[in-house]
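Common to both upcoming complexes is chain A, partnered first by chain B, then by chain C.
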Partner chain A sequence: MQTKMISVVNDFSENPAGRYVADGPNSGERFRNEYLLPPLREGKSIVVNLDGALGFGSSFLEEAFGGLVRNGIPASDLLKRITIKSSVSIYGARIRRYIEEAGARNGRTRA
Partner chain B sequence: MKRLNHGRRLYLVTVSRRTLSTLTTKNRRRRRNAALPRRISWRPYLVEAPVVFRFLQEETQLPLFEFLDVIKVKLSEGRRVLIDFRKTENMHPCGTLIFIAHLDVWLAKYPTRLSCTYPEDDRTEQLLQHIGVLSRLGLSSRKLIEHEHVKHWHYHTGSQVDSALYKDLTKSAREGIVHPDKELFADCLNEAVVNAVNHAYEHSAPGLPPKPLQKWWLLSLLKDDILFVAIYDLGVGIAASLRRKPNLAEYLKLRHYKDARLIEDAVSSKLTSTKMPHRGKGLPEMLEFSKNLKAGGLGIWSQKGGMAYNAEMGHLQRHGNPHSLQGTLVLWSIPFRKELENAN
Partner chain C sequence: MAAPAHRMDAPTFIKDYGPSVAWIVAAVGWMISNHHANRREKRKEFRSEIDAIEKTVKSVSEKLAAYYRLPVNDPSLTTSELEIKILFKEIDLKWERLSKRSFWWWCSAIKSECGTSNERFYDHATGAYFESIARLPAADIGHHVHKLNFRALRFIENLHSLFLCEFDGIKPAK
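Up next, the complex of A and B:
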C-alpha cells in the first residue's frame, strides 16, 4: 500500500484552528477535505506530521479526523491507515479517541 | 333668564371667537412642536470613567457597568459623549476588555460622537495609548511605552478563528509558561476563540451587536510572573446558548438551573448547545489544562453566573453574578517564567 506523507505546517498552515470552513481560513474541515480524504479514498495510507504548528484545538482535530468517519471511512480502517507523528504524545491519543468515538456513534446511528 | 342687549351679545361673541382662535393656535403650535425632534445639545455629555476598571471585584463591577450603561444611553439619545479618564488609576484585563469591546461597537455605530480626556495617571495613559484607545478617541500619543506593567499588554480582535492573529502571544506563552504540557496552551486558546465564533452569536437575540461587529476580543498581560489572558465576546452567553432548542426532557431538567450551574456543566462535561456528541470539547479541554497548573486558574463568566477554578487549591466553585454580564468572559492566569520573557 502506498503511503502519503503530510506535514501540517509545510503543506497546510502554521496556524491550524477551528472546526468548519466558515470558522476561519485554516479549519479542520478544510484540512480533512483537501489533504486527508483524497489519498485515503485512493486507498493510500497517510502519515500526518503535526510538529511545528502553533497548536490545534479539539475542534480542529475532531473535525479533521473524526470527520473522516462521518464522511464514510470506517473507523477500523482509519486506525490501520493513519499514523500520527508528533512530539506531543497526547495528540496521537486524542486523535485515536476521536476516530473511535466517531466510529462508535456511526455504529449506533446505523444500527 | 335675562335678555342680552345687542352690545353685550356682540362682546361675548368676540371674546369667544378670540378665545377659540387662541386655543386653536396653541394646539396647532403644540402639535407642530411635538412632531419636531427635540433639540439636541451639541455640547458633549461628560461621563466620568471609574477609578478602577475591574469586573471580578463586586465593589468595582457596578461602577464599571453603570459607566458603560450611561455612555450607551447617551449615545442612543443622539448625544456626543466625552469619556473622562482623569481619575482612572487602575485597569485590569477583565474590566478593560469589556470596555474595549463596547467601545468597538460604539465607534462603529456612532463614529464621530465619542471623545475622551487624557488620564492624569501616567501608567493609565501609557496603557490606553498602548492598546490604541486614545488614538481611536481622537487623542495623540504623548508617552513612551516603558512602564513595566504596560509594555507586556497585548490586544487582538477578530471575527474568525485565525490563530495567526495572536501567534506572538501563542509563541511566547508556549516558551515561557510553567506547565507539563505547555504546547497545549495554544490548543486551549484556539478553543476559547472557536467558542466565541461558533456559539456566541449563533442565534439572534436583542442587544447583540450588528453582524460586522460580532467578534471576539483578547487581551493578554504579563505581570509579576503570571500571564493573564482574557477573551471576551458580546454574544448571548453560555446559559442562554445551552437553553436554546432543548428537547422536552432537557428543558424540564434545565429550566430551574441558574446560569452558574449551566456554565459549570458546560466546562466540566460535554454539555453543548449543538447537542452533537462529537462537539463541546473546548471548555472541558481548557479546564483539563488548568488542572495541571500549580498556581493561577481559569474563570468563565457569562450573564448572571460564573465558575472559577483555583489551581493552587484544586477547587472549582460556582458564583452568582449580581450584575448581568453581556456575553462571555474567559479569564486565565498562568504561571510564567519571567526570565525568558525578558530575554525575548
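Up next, the complex of A and C:
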C-alpha cells in the first residue's frame, strides 16, 4: 500500500484553526477534504506530521479526523491507515480517540 | 581417639568474618540512604512538575473565561485563540513528561484518571464555540465557564491524588 506523507505546517498551515470552512481558511473541514480524504479514497495510507504547528483545538482535530468516519470511512480502517507523527504523543492518542468515538456514534467501527 | 570437631565461637566468627560483615553493613546502609535521597529528590521534582501544570491550567482558565466574553468581531479574538492553544500544548507536554515517570502499580488507576480529566478539560475548552464564527450566547457563558473551571479543578485534584498515591500510599476513595 502506498503511503502519503502530509505535514500540517508545511502543506497546510502553521495555525490550523476552527472546525468548519465557515469558521476560517484553515479549518479542520478543509484539511480533511483537501488533504486527508483524497489519498484515503485512493486506497493509500497516510502519515500526518503535526510538528511545527502552534497548537490544535479539539474542534479542528475532531472535524479533520473524526469527520473522516462521518464521510464514510470506517473507524477500524482509519486506525490502520493513519499514522500520526508528533513530538507530543498525546496528539496521536487524542486523534485515535476522536476516530473511535466517531465510529461508535456512527456505528461504523467495522468495515 | 578422634580430634574434637572445630566449633566456631563468637570471637572466632568476629575475627574471621568481621571485616566482611562490616563492609556489607556499610554497603547496605549506603544503599538505603541513597534510596531515601533519590526518593526525596523524586518527590521534589514531582511536586515541582505538578505546580508547573497547575500554574498553566490556571492561566489558560483565566484566558478562556475572558475569551468567551469577547464580542464577535473583537480584534483580539485570533490572538487569544492562539495563546490558549499554545498553553494547552504546554499542558500536554508537561503532563506527558510527568506521566512517563514510573509509578507504583496501585497508582495506575489514578494516573489514568489524570489523563482522562486532562482530555475532558481540553475537549470542553477548545470544542464548541472555540475558533468558531458562532459565539457562545451571553446567557450561557457563565455556565460554560463554570464547567470549564470544574474540569480544570478536577484535573489538578487528580494530579495531587497521584502525588499522594505515589509518595504517601494514599489511594483515592473508589
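Quick notes on this one:
As a working rule, the second predicted complex is superposed on the first by the 107 of 111 C-alpha atoms of A that agree within 3 Å, B and C clash if a C-alpha of one lies under 4 Å from a C-alpha of the other, contacts with A are read in each partner's own complex, and residues count from 1 in each chain.
Following the convention adopted for this analysis, a residue touches a chain if its C-beta (ideal position, glycine included) is under 8 Å from a C-beta of that chain, and two chains touch if they have at least 3 such contacts.
Since we're looking at a predicted model, the values are computed, not measured.
Once chain A is used to superpose the two complexes, chain B occupies space that clashes with chain C.
After overlaying the two complexes on the shared chain, residue contacts for A:R105 are found with chain B alone; chain C is out of touch. Of the two partner chains placed by superposition, only chain C is touched by A:R97; chain B is not.
By the touch criterion defined above, A:P25 reaches chain B but does not reach chain C.
In the superposition on chain A, contact is made by A:G66 with chain B only, not with chain C.
In the superposition on chain A, A:Q2 contacts neither chain B nor chain C.
Contacts of chain A with chain B, set against its contacts with chain C after fitting on chain A, overlap at residues 15, 17-19, 23-24, 54-60, 62, 88, 90.
Only residues 160-164, 167, 170-171, 174, 181, 183-191, 193-194, 197-198, 277-279, 281-282, 285 of chain B touch chain A when the two sit together in their complex. Looking at the complex, you find that chain C touches chain A at residues 78, 81-82, 84-86, 88-89, 92-93, 95-96, 119, 122-123, 125-128, 130-133. By the touch criterion given at the top, residues 14-19, 23-27, 54-60, 62, 66, 88, 90, 98, 101-102, 105 of chain A touch chain B in their complex. Within the complex formed with chain C, the residues of chain A that make contact are 15, 17-20, 22-24, 54-60, 62, 88-91, 94, 97.
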